[in-house]
Amino acid sequence: MKWNTKITKIEPNHIVTKGYRQEDLIGNVPYGHVVYLLLRGELPSKEYGRMTDAILTACIDHGVTPPSSIASRTVASGGVPLPTAVAAGILSIGDAHGGAIEKGAKFLQDGVVRIKKDGKTASIIAATLVKETSEQKKRIPGFGHRIHTADPRTKRLFELAKELKIAGDHVALSKAIESELEKTQGKKLPINVDGAIAAIISDMGFDWRLGKAFFLIGRVAGLTAHVYEEQTQEKPMREMFSIEYDYTGPEERDLPSK
Amino acid sequence: MKWNTKITKIEPNHIVTKGYRQEDLIGNVPYGHVVYLLLRGELPSKEYGRMTDAILTACIDHGVTPPSSIASRTVASGGVPLPTAVAAGILSIGDAHGGAIEKGAKFLQDGVVRIKKDGKTASIIAATLVKETSEQKKRIPGFGHRIHTADPRTKRLFELAKELKIAGDHVALSKAIESELEKTQGKKLPINVDGAIAAIISDMGFDWRLGKAFFLIGRVAGLTAHVYEEQTQEKPMREMFSIEYDYTGPEERDLPSK
Amino acid sequence: MKWNTKITKIEPNHIVTKGYRQEDLIGNVPYGHVVYLLLRGELPSKEYGRMTDAILTACIDHGVTPPSSIASRTVASGGVPLPTAVAAGILSIGDAHGGAIEKGAKFLQDGVVRIKKDGKTASIIAATLVKETSEQKKRIPGFGHRIHTADPRTKRLFELAKELKIAGDHVALSKAIESELEKTQGKKLPINVDGAIAAIISDMGFDWRLGKAFFLIGRVAGLTAHVYEEQTQEKPMREMFSIEYDYTGPEERDLPSK
Amino acid sequence: MKWNTKITKIEPNHIVTKGYRQEDLIGNVPYGHVVYLLLRGELPSKEYGRMTDAILTACIDHGVTPPSSIASRTVASGGVPLPTAVAAGILSIGDAHGGAIEKGAKFLQDGVVRIKKDGKTASIIAATLVKETSEQKKRIPGFGHRIHTADPRTKRLFELAKELKIAGDHVALSKAIESELEKTQGKKLPINVDGAIAAIISDMGFDWRLGKAFFLIGRVAGLTAHVYEEQTQEKPMREMFSIEYDYTGPEERDLPSK
C-alpha cells in the first residue's frame, strides 16, 4: 500500500517539487512557469512559460455572469469561510462551463491524428469533421459564445501563440474548422476562448484530460476576488436575485386520509 | 437589487478587469501580478509583483501529507471530475490548515498597531504578546511546524522580502516574537511558512481577511497535479490507507422488542 | 495512530452501527429514528423519534429562493454530476443560512443554565437577554424571517413538541423571548423555523454544535430534487438570472508603459 | 427567464411541496416517505414508503473505510464548519463510489426492455448480457464487494422487496445475472448493496439517473456523525494516516542557469 508520487518529496527542512528545491523556485521562477512544471514535470522554455502564464490570465475572471461566480457569491452569502465559497464556484466547472477546453482539446487531438494518418490537409479533415458532427447533431466544442462574437481573449491568445512559435497543427485545424463552419452555416460561429486554449495546449503537447485544469487554476483568483468582495461589501443572505417562477407541480391538496 | 462590483466589466467583445482590458493583461503582465491586481485593485510595483508571485509559489504543494492533498486524492478515487476533486482539497483549508496566515496576519497587524500607539519597541510588545497569550493558554499563530524546524520556504521568503525592501514592522515583530518564544520556552519555536506569509502580506498592506486567499490560490496548482496523478496513475477506489480502528461504540445488541 | 470510532464496526458480512446490526435496522426502524441513533448513540423513544423525523421534514425544502437551492442549481447548470451539485448547496449552509439553529440552541441552552443558576423565571431571564443583546447591538438568533411572519412550520413543530411532551424549558424561554421582543420593540419578531428547531432540539438534550446537522440532513433531499429537476428539465448554462450590475472599479485604462 | 419548478411553492406563511402543505407533512408523513414524494411527485403507498425508508437506512454508514468518510474526516481536521466537511464526503460519491446504483439501474432497465422486446426469459438475457460484457472486457455494475461476500444489507433489502411485493423483473434479472456469473466464472460474484438498490428502485419505477440520490441522501447522516465525532473527539490536523510513499519524480537538481 505504498504510494508512488512524482510531485513532491517532503523531508524535514527539505521540500523538492519535480526535482527542484522549493526555495530555488520561490521568487526565481514565475508562478505560471511553476504551474507548467507541476503539470508536465519539466520547467518550460521561456516561450512555453509565457504562453502558460498567458492562458492562466485569460481565464482569470468573467465578471458576475458565469455559474462559477454566482455559485461562489451565493455560497459566500450563507456566511461561510472564504475557501468554502471559492470551492463552490470550482464545483460548477463541468461539461458545460469550461468543459469545452477538455472536449475541444480531445476533438482537435483526434483530428490531428487523422490528418497525419490519412495524409490529408487540415481543410479537408475540417470539412469531414463538420459534416460528421452535423450528421450526429452534435456541436463541435469550443465554438460560439453566449456574449462575445469576437472574443478579445481568443484573438490575443492566438497572436501570442503565433509570436511565440507555438501555434501548430491544432491551431491550424481549429481555424480550418471555423472557416468550414462559416461556409456551411452561412454565419460565423467563432472560436471561443475555450476553443483557443484547447488548440494551444494541444500544440504544446498537453494531455486533453488537463483541459479543465488551466481554467480552474486561472479562475480561482477571480473567484477569490468575488468572494472577498461579497464578504466585505455585502450583507449575508442579501436578496441577490429576483427569481420569477411558476410552480408547476401538483395542485395544493390535503393529505390522503389514512 | 442592482449589484456593484469592482472586479470585471463584461460587454460584448470587451472585458475589463480592474480597469485593464484583459487582452492587454494576457501575456504582458505575469499571472502573479494579475492576482495582486485582482486582490488590491492596482497593478503591483515590480517588487510587490515578484513578492506576490513568490508567495504563491511557496504555497504550491506539500506532497501527499496535508489534509488538502489527501482529501483531493480520496475524492478523486471515488470517480469524479477533476474540478470536483480539487475543490474537495480546497474545502479543507480552514482554521487549522492554512488558517495561521489569516490569524497570524491579524495578530501581527494588531501588534503593530500597539507598537505605534504605545510608542514601544517590537521587542517589548513581543514580550507582552507572548506573556498574554501564554496566560490565556493560547498559541500565537504561525509558529512551529509538524515536520520542519527550519522551513526552507520561510528562510527564502524572508530573504526575498528583505532584498525587495518589503520587510517592515510586521516582519520585525514576527522575528521579535520568535526570539521571545525561544527565550521564555527554552527551545526554538520557529516561524513557519504560514507565519512568514502572514508577516510579509501585512507589510505589503493586505487585509488579514485575505490570508487564506494566497494559500488557496497557490495550492490549487498542487492539488490539480495530485488529482491528475491519481486519475491517471491509480485505480478508482484503490485501498489508499490502512486505517486501524477500535470500535468504541455500544456493544452489539438486538433491537428492543416493540 | 489507531482511530477510535463509536459509529460503525465493519467486518466481512457484518455491519454494526451504534450496536445494532444494519440488517436489523433496515425496514424495521424508520430512517428518522436511525438519524437520531447516529447522532445520539441510542434509539429514540417513540416520541423522540417522531419529533426528529418531523424536524427533518420541516427542513426539507424552501423552493428556489434560498442560497442553497440557487447554489445547487447554478452548479448543476455547469454540467456536473448530481452529488457535486448537491454538495455545492450544502456548502452554503453557514452562519447566515441555517446557522440560527446552532447559534439559537447555544443561546437558549446558556439562557436555561442562567434560569437554573439564578433561580429566576423564564420571563425575567428573557428580559435580561433581550436587554443585553440590544445593548450589544446584536440580534438574538432564531427570530424574524425574510418572507414569513407566521411560519407554518414553526407553529406545527411547537404543537407537536407539546403533544409529544417534549417542549420544556428551552421552548418556554424562546416563547418568553418572543413576548419580550414584541413588548420592547412594539412589533412582532416571531420565532422562525430555525429558532423553533433550536428550542426543541435543546429540550431533547442535543449538543448545540449539531444545530446545522438537522437542517443539512433534511435539506439534502430538497437539494437533490432541485438538481434532478435542473438536470432533466433545463439546458446546461441556461441564462438563469438577469443580474444587473454597475461596474464600480477603476476606470478603463492602458497598461503603464514599462 | 421565468423558472418552472414542480417542487415547492413559497408564499408568505404558506409552503406547499408537491401539492402538500408542509405543516401537514411534518410529523404526519415519515421523512423517508417525504423523500419519495420529492423525487416522484406523489406520496408512496405504505409498501413503497417502507421500501424507500429501508433503502435510505441501508446507505446510512459504512464506518471509517470508504472515500466519503475519509474525505469528510480529513476535511474536518482542517478546522472547517460541519457542513463544509460533510459536503466534501458527498463530493466523493462518483462513478466508483455509489455509482454502481446508477449504472446498475441503467443496465437492468435496459436488460428488462430487451427481455420484453425479444420475448426472452431473464436467464437467457442474463446469459447474453454476461457474454457481451465479458467480450467487451467490462464489468457488470453492482456485483462484488471489496469486503463483503454476503452483504447483510443485500439479503435484507431483497427479503423486504419480496415481502412488500415490490420485487419484479429487475430483481429477477439481477439474480439471473448473479447465477450466470457464478456459472461462467466458477465462483460467486454476489450482488452487492448497490446492485440490490439498483434492482429494487428499478422495480419501483425510478429513473436510473436518480441512482446516486438514494445513496447520497442516506449517507449524509453517517457523514454528519463522522464529522461530529472528528470535531468533538479529535484534535485538528491530527496525524490520521501514515502514508508511505516513494517519490518517483525527477531527481533533485539545480535550476538551469539562465
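Think of it as A, B, C and D in the order they're written, each chain with its own count starting at 1.
One rule holds in what follows: a residue touches a chain if its C-beta (ideal position, glycine included) is under 8 Å from a C-beta of that chain, and two chains touch if they have at least 3 such contacts.
A quick note: this is a predicted structure, and the numbers were derived from the prediction, not measured.
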Return the chains common to the contact lists of chain C and chain D. A, B
Co-neighbours of chain B and chain C resolve to A, D
The distance between the C-alpha centres of chain A and chain C, rounded to whole Å, is 36
From the C-alpha centre of chain A to that of chain B, how far is it in Å? 24
Round to the nearest whole Å and give the separation of the Cα centres of chain A and chain D. 30
Each of the following residues of chain B touches two or more other chains, namely 1, 3-9, 17, 21, 25, 29, 63-65, 80-81, 83-84, 87-88, 91, 93-94, 98, 239-241, 243, 245
Residues of chain B defined as touching chain C within the complex: 1-9, 16-21, 24-25, 28-29, 41-43, 80-81, 83-84, 91, 243-256
Considering only the defined contacts, which chain C positions touch chain D in the complex? 1, 3-10, 12-15, 17, 21-23, 25-27, 29-32, 34-35, 38-39, 50-51, 53-54, 56-58, 60-65, 81-84, 86-88, 90-91, 93-94, 98, 147-153, 155-157, 160, 207, 209-210, 212-213, 216-218, 220-222, 224-226, 228-229, 231-233, 239-242
So in the complex, which bits of chain B are touching chain D? 63-65, 67-68, 70-71, 74-75, 77-80, 84-85, 87-88, 91-99, 146, 236-237, 239-241, 243, 245
